[in-house]
Amino acid sequence: MLRVLFALLAGLSVSSGLGVVLNRRPLYAALSLVVNMLSLAVIFLMLSAQFLAAAQVIVYAGAVMVLFVFVIALLNPAREEALVSDPRQLLFGAVVGLGFALVAGIGFLGLTQGFGGSTDLGSGVSLGSIQSLGRALYQDFAYPFEATSLVLVVAAVGAVYLSRGR
Amino acid sequence: MSPTDLGLAAQVIVAATVIVLLLADAFTPDDRKSVLALVAGAGVVLALAAAVAAAGAGVGDPGGGRVLFNNTLAVDGFAVFFEIVFLSLTILVLMLAPAYLDRRHIQKGEFYILLVAALAGMMVMVSAASLMTVFIGVELLSIALYILSAFLRQEERSQEAGLKYLLIGGFASGFLLYGMALVYGGTGSTDLTHIGAALKVVSGDRLVFSVAGIGLLLVGIAFKASAAPFHAWTPDVYEGAPTPVVAFMSVGTKIAAVAVFLRLFVVTFGAPAVSSRWTVLLGGVAGLSMLVGAVGALRQRDLKRMLAYSSVAQAGYLLLAVVAGNRAGMVGGLYYLAAYAAMTFGAFGVVALLVRGDRDGGDISGLRGLGYRHPALGGLLALFMLALAGVPPTAGFMGKLFVFVAAVKAGYAGLTLIAVVSSAISLYYYLRIVIVVYSPPDNPRRPQAADPLGTAAVVVAGALTLALGIFPGLLYDLAQHSSLL
Amino acid sequence: MPPLSLFLLLSALLFITGASGVLLRRNPLVVFMCIELMLNAANLAFIAFSRYHRDMAGQVFSLVVIAVAASEVVVGLALIVAIYKSGRAMDIDGLSEMKG
Amino acid sequence: MSLLLILLAPGIAALATTRVQTRYLRELALMGTAVAFALSIVAALSALGGAPQSETSAWAPAAGLTFRLAADGVTASLLLLNSGISLLAIMATRTEGMRRPHLFMAMLLLAQVGAAGVLLAQDMVLFFIFWELVLVPFLVLIAVFGEGNRENAALKMLIYTSLGSLSMLVSIATLFVLSGSHSFLIDDLAHANLGGGPAFLGLSAAQLAFAGFAFAFAIKTPLFPFHGWVADAYTSCPTPALMVLAGVVSKLGPYGFYRVAIRLLPGAAHDFSWVLMTLAAVGIVYGALLALRQRDTKRTVIYLSVSHMCFITLGIVSLTSAGLAGGALQMVNHGLLITAMFFIVGHLETRLGTRDRGRLAGLSSAAPVLTGVFMLIALAVLGLPGLNGFAGEYLIMAGAYARSWPILLLAASGVILASWYTLRLYQGIMNGSPGAGSEEDEAAVVVPARAELASADLGILVPLVVAAIAIGVFPGPLVNLVNQGVVHLSRVLAGGAG
Amino acid sequence: MGTLLVLGLVLPLFGFGLNRFFGSANRPGVRVMGPVAILAAFTCFAVAAVANGGGHVDFVIYRWFEQPAGPVVGIPVPAVDIDLYLDPLSAVMTLVITGVGFLIHAYASVYMDEEGDMDYARFFAHMNLFVFSMLLLVLARNFVVLTIGWAMVGLSSYLLIGFYHRRPAAVLAARKAFVMNVIGDVGIVIASLIALRAVGSISFDALFAAGPICGGTQEVFCKSTHFVSAVTLEAIAFFLLVGAVAKSAQVPLHTWLPDAMEGPTPVSALIHAATMVTAGVYLIARMHPLFVAAPGAAGTAAFLGAATALMAAILACVQTDIKRVLAYSTMSQVGYMFFAVAIGAEAAGIFHLVTHAFFKALLFLAAGNIIHALGGEQDMRRMGGLWTRLTTTRWLFLIGSFALAGLMPLSGFFSKDEIIAAGFTSGPLHPLGGIVLLAVAGLTAYYTLRAFLVVFMGQPLDAERHVHEADPGMIVPVVVLAVLASFGGLIQPGFWHLLGDYLGPAVGAFSEAGAGIVLLTAALSTAAVLGGMFLAYGFFSTNPRVRASRPVNPVLAQAFLWDRAYSALVVNPLWAFGGGLDRLVESPLVIGVTDLAARASLLAGQQVRRAQSGYLRSYAMLFAAAALVVVVIAGMGVR
């Protein structure tokens, strides 16, 4: 049952990922990215990361993508003429991509045996509950959390500065 | 207060300074923004005082340093050493920047906010005790620098620098992050102490994950250190970015990255099964950097690009200390990093002071006769070039000496020879600058006098460069105290 | 429940997709999306591992990543807007004034 | 203190140049150098007295650095040469009408400081620091004040020599690591126990370290075939600077062999001495033949110098008492003579506007004084017994003979060739009928009358001539001085090599 | 005693100094100073010789340098003294040098009068310097002093030969002489090095005291502990011989002497007749204990001597330049002396050295008068018929010729006979040498009479050319020499042998040849001489000039092609080799390689620049590829 669901979501996310890369229109790319995000959110749920799933939906599918679409609308760039400017680029990219895919395949599929015993994730664990996450955030990882806020401040200041008129 | 408290205080003060600057920026009129430099300076000086106090209180002594916040933040001699370096660097940049921004007619408060924020990022990086902290530090630094590189927002080169840096940087942090994920997967933890412990025992797939992850980590951090072959962004960004920013980032980013290498790789990933892998890789990267950097700089016409390539080569020497992986390497590395800070900042500082009008052109032919038109700046530039070339009696030489000793001790004959060759090549472009500076000028026009504050900053850097070269004892003791090994 | 390896493989595929997107596309906006893709892939790996290890660190990490990624996007988009304002084409191959 | 002052006096003068008017520049420089000269005499006397001076003070103990200066006999003799030649070079500098005389003077003085430092340093890092410090002034002197393709010549010289010195740096590091003693002092490094087994490319660690040193010193000397930089650098070097460069700085190469390479690694020195002796002997003949074929007077002197430097090196690397003493002796003599030679050649160029020997002829009747001086210098250069060139050559040949027959014969043939090319140079310029070769272009007609030495020139040449005769007739003091140092090294060799 | 020696040595040097630095101002001063310095030296040595008698003194002037205490590696720094050694041998030499030297100086003070003040002073300065060097040479008692004197003799001869420095021929001749002499110097140096290594010292005594040399003559020296192998001794002797041959213009290093006639005539008289060329002879005599122990080298010397005597005599027969005739005859006569000292008849050799100094100087100076009279003409084919004009010089020249030819009872006869007799009496092969020398005696008579006839007989070239006899200043010294040349033989005319006994302590007891041998050689040589003279008279009695102008065999005309051989085999190859090195090694390799390295790295720099295309995607591509490599390498190790 879960396996089927996973297969569906995996297919969806991968195809939408390809959609991002291959769509000539930035807008379509953005939309397929949304799809990708959502499917990943569900997978997060499967992995018992409820809060993250939510965050994923809100932050990404919400804020970020809106921002993207907004900017696209603002700039409305003409549809790219050619996906690849020169074939060498494509060839080289393909080689590198496949290389990584190969490595990943060997690395992860050959993993079934002996990853600290089993690779089974088990079921019915309640890990990412708000409580536990909250505890982790505010007790265990307080410092990184605080530092992150600084990152956000910087981003805000910078974005305002850059996009403000002359 | 205990030394660790003081060390932590330094960070808190810096973070607070960011906030204070935010507020102050809101309440200062547009024509008085340079006041913010003072505010920032005050905060940084305060932090520096705290850090020095921490060092004085013996944070470097055995048992002096502690790991705080549930293994996410290490406040030890190592961290404090670098915090001192970064804080002093920032002070110098704050002396250099205002007049520059005035010259470029873009005196904006955000500059100081972002500068201090970037400083905070560096400090987080060097004191990180957890992968998470490392990542945040890197991002905090990077994002601030993305913006600072594009700070001349009207100017195409600056925009180009910013966007290039941002895109390739994001790409790189993707790798960095995935590497961290793999390490996490392999060791089951994000904090360095546990990782270090786990790496000694893990085997099979978990070891594979860890090592692969370490490989990607290496890639990500080598990018920050602008080591070949992950250096491609460096020349373009350095050329386009505002020069004081370059002075800041070329020193800060590289030092922070190498510091992370020292803490993360030499210490945490020190387990033989692992280090046997990454030393090979890092050795390759170091050798490649030395050669590519040295060779790449030969034919440059723009001083900033030349220095960019030379910084690639310098990254090679710095990584040599990391690869050596012994105490000598650690101490020598610390020494060389401090020396590198002084001389590189100085070099870019002189370039910044020479910036006229609307373009950050470091055109080498424009330096002709500088030594006579502007004896102070010319002499300093020559000094920094000689220091970067490793000519005694300058800090650059002492650093090189200590690093060579470390490399020989660790038995890296081949790398040492590469270092020798690249240093010999590098003499060509460094000394060519010296010659140009002292060759008769074709047009005897005098530039308007440089701003005293900025000159003072460069003079300080020059004094440090010489002092560290002639009296290495001063810094060497501190480095020994701050070593992690 | 599918095994860890499949989740990891998925994340790897997404990562590679994103990476190749960066290598191929010329529109900076799209390149950004691809970078987002890579970061998400990493997140997936983190969460999978955290589930496997029964350890919250991974989830916290990915939360941090989301925040960081968001801020990167914000800055990037702002920069793109700035560049657009100065009237240049949305093509990163156009950003090759500095070279050599 | 006095040894330190040998470094400080000219150094302070160098700093002071920026603050003084052009017309007092030379006096200032002369003062600084004169102090150094006087103190060098003191050092020499105390070395002769058997109590060589030595000064130690803390520098960076944590890093294993010690600030120690010492002057044994050989050092003292070269210190005298250094400050003496510098005095002459300063006198030879025409500050009036020169662009940026301050810089020039400062660099001359700095070069002197560097050379003195190399001679005095007892800590290898200190040694290296001064070693490099010598180079920088010449970068400026050649690249800024030189002639012809000066910038490239300067860069070539610096990069080439630095390649050598970097290899020396690696050798220093190696010895430092291998000698457990946490110190860069020569005496401590000498105790490095280097495993006999092959470390790299089938060479033992000691041999590698020695190779590193030898490479550096061979380039500096320059020893054949590492003299690729010399021709260009010397050609574009202005005369006063060249007097120091060829007269003093080139001696630092053989001195390095004496003070560092052989002292630290006698065993490896023995393994390599055959190679080095062969190179030196070949270089003697090689340089001689090239000197024979040069048409440019300056280049003739350059290759003559190469040949003689190989002669000196031959003596040093023969690792025999006589050879070492002869080499050390000849360093001083060659320093005096080559200085005079380059000065004369430069003088002729400035006065007659040409270095082409085809256009110089028959100056003797127009310039009798120059003739006499030049004759004497030339004779000393070709090693005429009774002048200062002889004693050194004799001892060097003795050393060479003690090691091998054929090398002695090569060296001897070098001596014969020397008489040939030297007389060719001298007679070509001085004898024959004036203006013989100047039909080539009427544009520049050589006026022999201009060639005569002015009193200022005599002020520079006479001391050299007097020294050449004095040392030739009474070599005793100098030989004793030199032996004071050589005996010590002989003891090391007798012990370490036997 | 020592002071006397030093004084005698230093006086000429003093003269040199005065003349060189203050002479050009006052000519009269030079005119006096030049000769007087030598005369004073002569008196010093005369007194010293008398005082010394048959003994020997070794006076150390000062220590040149010390031998340091401490261990010796390989070869020591020897202790060197600058000392003077007077024994009968050196006494004779000093007297000849200063005595004949003085006469020549006196002669020259008039002869050189045409020269300008500066050149006049220069001339006498260098003449004095030469005498000083020569004295140093003969008074040496260790190799270093010997070498110094040896080389300075070469130097002063260079200066004097090149006296006319405007004349390219003179300049070249001077350089040639110097370089060839340096070859000799190097030979001496090498010999001294071998000795130094063998006996640890550079003094002659230490060498003579060594090994096989003892048991020979000088028992007094036998104190040394060193034992030196025969081979080493041969080597030392051989390299000494190189020096001797070069200095004495013996085959094969003789080619400089004929060219040296470019110098002024008095120079030829002093250097190339009386003194310098006999230095080699002196050296072998001085070193005779060594040569006794080194038969190989001695034999070589004897052979070279005989060969030179013959060859030079033959060449002398075909010369047309009067000075060249004398030059070749000098070589030939020195060949005699070489032979003598080499076969152990040192006394005879020195005897001939002395007499030869007298009559050859006489001849040169007389020739000088002739040349002077003809306004610098040296070509005999442009002389002739001078008998009626040079009424004094003709007699002087005649005496000189007969003495040289060895005509009874002139000095040449006794000395030459003694050598030939010695050749007959000693050694297995030496009689051959004796025979050769007999033949040479005939040739000598032939060419001397030829020269005399061509110069003085026949018709003058042009009757109205004004030819004046030289003035007394140039006659008196020559007359003195003529007297000496006539009666100098009486110091050892076969029956009694003053010189031999006097030299005994220095060069070994004088071995008297049997009376029969003496008479036999006397008869044979007289026959040879008369035969030679008869032939010469037959050829040249009637219009000699034309006869003398006949073309001669090209090989003879080119002096057996020695010069061509040298330039073809040594000089030109070296010259070409040097050029080859310059073109093929120095520029392309030694200098080229360095430039090549530079060019290569600059090229690489260009490549890096090209790679830096400025396109972000190529950077990313590079990044990704590198990352892949990293991951693969990292993974490989563990899996």
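In this document, chain identifiers A, B, C, D and E correspond to the written order of the chains, with residue numbering beginning at 1 in each.
Assume a residue touches a chain if its C-beta (ideal position, glycine included) is under 8 Å from a C-beta of that chain, and two chains touch if they have at least 3 such contacts.
On a predicted model such as this, the values are computed, not experimentally measured, just so you know.
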Can you list every chain in contact with both chain B and chain E? A, C, D
Touching chain C and also chain D, the following chains: B, E
Please indicate the chain closest to the centre of the assembly, with centres calculated from CA atoms only. D
For this structure, which two chains have more C-beta pairs in contact than any other pair? A-C
Suppose each chain is reduced to the average of its Cα coordinates; what separation in Å results between chain B and chain C? 26
Averaged over CA atoms, how far is the centre of chain A from the centre of chain C? Could you give it in whole Å? 7
Distance in whole angstrom between the CA centres of chain A and chain D is 70
So, in whole Å, the Cα centroid of chain D is separated from that of chain E by 36
So which stretches of chain A touch two or more other chains? 89, 92-93, 96, 100, 103, 107, 111, 115, 140-141, 144, 148, 151, 154-155, 158, 160-162, 166
Shared interface positions of chain C, touching two or more other chains: 8, 15, 18-19, 22-24, 26, 32, 48, 50, 52, 57, 60, 64, 68, 71-72, 75, 79-80, 82, 92-93, 95, 97-100
Which parts of chain B, given as residue numbers and ranges, touch two or more other chains? 132, 136, 139, 143, 146-147, 150, 153-154, 164, 167, 171, 208, 212, 235-236, 300, 425, 428
Any two chains that touch count here, so list every such pair. A-B, A-C, A-E, B-C, B-D, B-E, C-E, D-E
Given the complex, residues on chain A that touch chain C span 2-3, 6, 10, 13-14, 17-18, 20-21, 26, 29-30, 33, 36-37, 40, 43-44, 47-49, 51-52, 55-56, 59-60, 63-64, 67-68, 71-72, 74-75, 77, 80, 83-85, 89-90, 92-94, 96-97, 100-101, 104-105, 107-109, 111-112, 115, 119-123, 125, 127-128, 132-133, 135-137, 140-141, 144-145, 148, 151-152, 154-156, 158-163, 165-166
For chain E, which residues count as touching chain D in their complex? 62-66, 68-78, 118, 144, 147-148, 150-152, 155, 162, 165-166, 168, 171, 174-175, 178-179, 182-183, 185-186, 189-190, 193-194, 196-197, 574-575, 577-579, 581-582, 585-586, 589-591, 593-595, 598
Can you name the residues of chain E that touch chain A in the complex? 617, 621, 624-625, 628, 631-632, 635, 639
State the interface residues of chain C toward chain B in the complex, per the touch definition above. 8, 11, 15, 18-19, 22, 28, 31-32, 35, 38-39, 41-42, 45-46, 48-50, 52-53, 55, 57-58, 60-61, 64-65, 68, 71-72, 75-76, 79-80, 82-83, 86, 88, 92, 95, 97-100
As the complex stands, chain B meets chain C at residues 131-132, 135-136, 139, 143, 146-147, 150, 153-154, 156-157, 159-164, 166-167, 170-171, 173-174, 177-178, 180-182, 184-185, 188-191, 235-236, 239-240, 300, 305
